[in-house]
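Look for subunit A in each of the two complexes below; its partner is subunit B in the first and subunit C in the second.
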Partner chain A sequence: MTGAVGGARPTKPRTWWKTVVVLAVIAGITVWSSIAIGVDVSAIAENAHNAANTLIQLMQPDYSFFPQTLPALLQTVQMAIIATAVSVAIALPVSFWASRATNPNSVALGIVRFIMNVVRSVPDLLYASLFVTVVGTGALSGIFALVLFNLGILVKLVSEALDGLDRGGQEAALASGASWFKANRQAMLPEVAPVYISQAIYVLELNIRASTVIGLVGAGGLGMLIDQVRTFYQYHYLSLIILEILVIVVLLELLSSFARRRLIK
Partner chain B sequence: MTAVTARPTGTGRPGATGPTASGAPQRPSKPLHLGTKVIWVVVTIVVVAAFWSIDISWDALLTLPQKLVHYLGLMFLPPAWSKLPDALGATMLSVAMAWFGTLLGIVISFPLSLLATRGLMPAVVRWPLRGVFAVLRAVPEVVIAVLMLSVTGLTAFTGALAIAIGSIGTLGKWGYESFESVDRGPIEAATAAGASRLQIMRWGVWTSAKPDVYAFWLYRFEISVRASAILGLIGAGGIGKMLVDNIQFRVWDVVGMLMIVVVVVTMIIDQLSGMVRHRIIEGRWELPVVTALRRRSAKRARSESVDLKITADD
Partner chain C sequence: MNQNGAGIRFEHVGVTYPNGYSGLRDVDLAIAPGEMVAVVGLSGAGKSTLVRTINGLVPITSGEITVGDVGLHGLHGARLRRLRSEVGMVFQSFNLAKRTTVLNNVLMGRLHGTSAWRTLLAAWRKDDIELAMRALERVEIVQKAYANASELSGGQQQRVAIARALAQRPKVILADEPTASLDPPTSHVVMRDLQRINAELGITVVVNLHFLDLARRYGQRLIGLRAGEIVYDGQGTDADESVFEAIYGRSLTAEDVLPSQPVELS
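Here is the complex of A and B:
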């Protein structure tokens, strides 16, 4: 080893103990979590027959149920569209407020960002169950829940896009005596518009998914129907509803991928 | 938005009709963008139709602010801190559910995403798998949990299984996408050195895809934490169950406290996981306050060492 000049390999850095520590921590958390939730493999084995029955029922969607699902389906789409429209309108000024690039006032910036962080960390279903108790069951509470849920996402994505923009135009506008509002309107808004529109489409897609679910707590739409059929274990109806959700989501995904490709071009 | 895009043609057209009398250079007329305009009209019609057709009593809006203030007062003035230990216990259960579900999802999805990677497996294997991932992604976790209720009953374990199944869809997709987007160089080198398919995977693909994949796993854990709170709302235990029980019995001060707990815990887990993700991708820790301080002291140290070097050279 001592005499070798060119042939000696560099010694490997000793990092095995780090790996061991990380693995031990992961294993520890896993053991704790499996005890906490009471992992019960035998329950699955015992209920295998049940599961098979459910699956068989799921595989045979009952298409005669389709006319009855139409009102709920329509309501889901309506809720998603209205919530998207409202939140898109609110999110535009708020995201200009929440971006360092467009808001020179750091105190206002901090406040808006903190509020949006809080808004974003509440799950959509929680908003829905709150509004159901405050406003009552129905589509209106669902729309409120979706709007709040959307605002969190939209403001984060759009304000981050604003942060990343080239600020040359804005600087020029400010230098020529424009107010911050005018500078943002003329120089920043056109730059961020494609991102904004594509995020709006993304949010519409999210809303369709979410509005099928928030009905579970009584906020209208397909979720309410899911709740009804699952209490009676009508899995052949349930699978039809799932199929409908799948079709809408896939259609929307196609539409949004097409629209985004156009926007980027 | 429509008004903004519609206006320019109105002002552009008069200029385009004839040569201007003044010697100023003539502005080119703005393009029409007929397609864009049609799209805006259609979007507006759809939105208006949705507003107009939905069956909602809009007068509920008038009393809403008053009600909201009333309920917010009940919730947060003051929140019931005496129930905090219960809430923390329930939160731990939710986090355990998310952890176990995500881990199970990782264990299942990892080999599957390898099988779905282009260049490793024939299309016959790839496309059905990708289809399965797509379907799993499209069905919300809550619906999966509803389906599983008949099998295992309404327990935290059911919730974890639902999270596992839900995360297979996203993790599988992210997995094969990151395997396919690795740099081809190492793969070529491994192939040229006579590596088997497995060895190519281990030394050509995995080494470059590793940081991304780890980061996706962590990100999925963050999503799972949110999902586990949601699963509780349909009865799978944890913080969500506690919330929905208290909402049903209208114990508003406990609801307020629980909401604070949900928000704080979600934020803390996002921060922690973000830090670990940063460590994995960038190779160093980024602690919010510590890094800023360290960066400052490092800058000072560097300038001092430059000074020293200059004096040493002299």
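Here is the complex of A and C:
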């Protein structure tokens, strides 16, 4: 083989020991964490009797309870829809404000990004309990909590989508003497629209799920009902509620994937 | 759609980028109203910089550029936007908004004179829509007005981009390597469109080209750039082998020539 071009072939680099080290480190961290928080596996065995009872009740949803869940169920869906509509409307201009691609003013960009980071760092349950304290128990607190929770998510996702867009149309609009506002409206909005619609649907799904949880602290919806039945260990009622949530979430997913197909070419 | 072109004057223009790279050095140049000028040179010679200084996309760091009777140095805000509204631009990568219609892309050329609320609500004036349609007719692509820009071929997209520039009713059209993303027959179609616009409307056209033969064929006047300086300025037909060597630093090869003849697009 005297005709070989480009010299000898390189030997394959040995990398298996790196994999071993990484796996060992991950295993070490996991063991250390479980010791630190005192994981006691034997507790599962000791409570096995309780667990079995609970599980048996959970497997037997009491359908006669259904009429009593209806108002709360309806409220959950209404809360989710209102919160989605409000947050989707607010999030669009704020997203353009929060993207480097659409806001040339780095000071304004920094301010809005900082505010949105703060908004996003507060969990939905904490928002709910804050609003329950300020506004009072009920659906209104839940809606406020969901709106803030949604804004954090939507502005993050949509502004990052704007960052990643092809900015050719915007450049052309600016070169033709358009202001940034007009260039963004005409060239960037149509490009980001599919992502925006898709995230709006995603947020509606999130809200159905989240609005069941925030009720636990008194912010309306199914969560308040869950809290009641759980307090009285009525697990066959609880399992019906869980079943209802499952049905709504599945229905909504079907609806949203259908809407996505229709809206986004 | 009849208007006169504007003259462009460069006086000791220098461009130094923030990283210290020198894009243009002491460029003096006078382009008459209604002239069609082709700018050639190697990548990095400053072709793109030269064209982009004319509408302020690249700010000049020394000297002065005058477009019509407006000086560009230090121009910003509303006055810069007004100047830009009179200078159309065609880009190498077409720069269309792909997910919206061809008509919406051409209407982009009317944004300068459209109020913010009309822009927000897409409530375009009838006159502006008429102007956009006529611009599309001029580049023979009006039948695609309501198609999505992404459905068009490269050549069609570039003609939409030319229509967008025309919709501005510009005094100058700048074209930054308008044929670099196109195949040879389509390149000729786009260049002929620019030539026709120059001849029929009297709009001053400044076009950057990589291929010397395109520049010779379509530019009345040829400007050769090398390392940010003008090394040739004369008739395209006069540019011979020695001129080529001055611009490119080597002699002509087959790779520098675009082979095909003009072909009609469907």
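Things to note:
The definition used in the following text is that the second predicted complex is superposed on the first by the 229 of 265 C-alpha atoms of A that agree within 3 Å, B and C clash if a C-alpha of one lies under 4 Å from a C-alpha of the other, contacts with A are read in each partner's own complex, and residues count from 1 in each chain.
Simple rule for what comes next: a residue touches a chain if its C-beta (ideal position, glycine included) is under 8 Å from a C-beta of that chain, and two chains touch if they have at least 3 such contacts.
Values in this document were obtained by computation on a predicted structure and should not be read as measured data.
When the two structures are aligned on the shared chain, A:Ala27 is found in touch with neither subunit B nor subunit C. In the superposed pair of complexes, A:Met59 makes contact with neither subunit B nor subunit C. Looking at the shared chain after the overlay, A:Glu191 reaches subunit C, while subunit B stays out of its contact range. Looking at the shared chain after the overlay, A:Ser179 reaches subunit C, while subunit B stays out of its contact range. Counting residues of subunit A touched by each partner, subunit B versus subunit C, the larger count belongs to B. Once chain A of one complex is fitted onto chain A of the other, the partner contacts of A:Glu171 are limited to subunit C, with no touch recorded for subunit B.
Once chain A of one complex is fitted onto chain A of the other, the partner contacts of A:Ala45 are absent, as it touches neither subunit B nor subunit C. Contacts of A:Leu255 after superposition on the shared chain: neither subunit B nor subunit C is touched.
Partner subunit A is touched in their complex by these residues of subunit B: 46-47, 50-51, 53-58, 60-61, 64, 67-68, 71, 92-93, 95-97, 99-100, 103, 134-135, 138-140, 142-143, 146-147, 149-153, 155-157, 159-160, 226, 229-230, 233-234, 237, 240, 243-244, 247, 250, 255, 259, 262-263, 266-267, 270. The touching residues of subunit A, counted against subunit C in their complex, run 166, 168-169, 171-179, 181-183, 185-188, 190-191, 193-194, 265.
For subunit A in complex with subunit B, the residues that touch the partner chain are 29-30, 32-34, 36-40, 43-44, 47, 50-51, 53-54, 58, 75, 77-79, 81-82, 85, 117-118, 121-126, 129-130, 133-136, 138-140, 143, 209-210, 212-213, 216-217, 226, 230, 233, 235, 238, 242, 245-246, 249-250. Against subunit A, the residues of subunit C that register as touching in their complex are 55, 57, 81-89, 91, 93-100, 104-105, 107-109, 111-112, 114, 116, 119-120, 148, 161, 164-165, 168.
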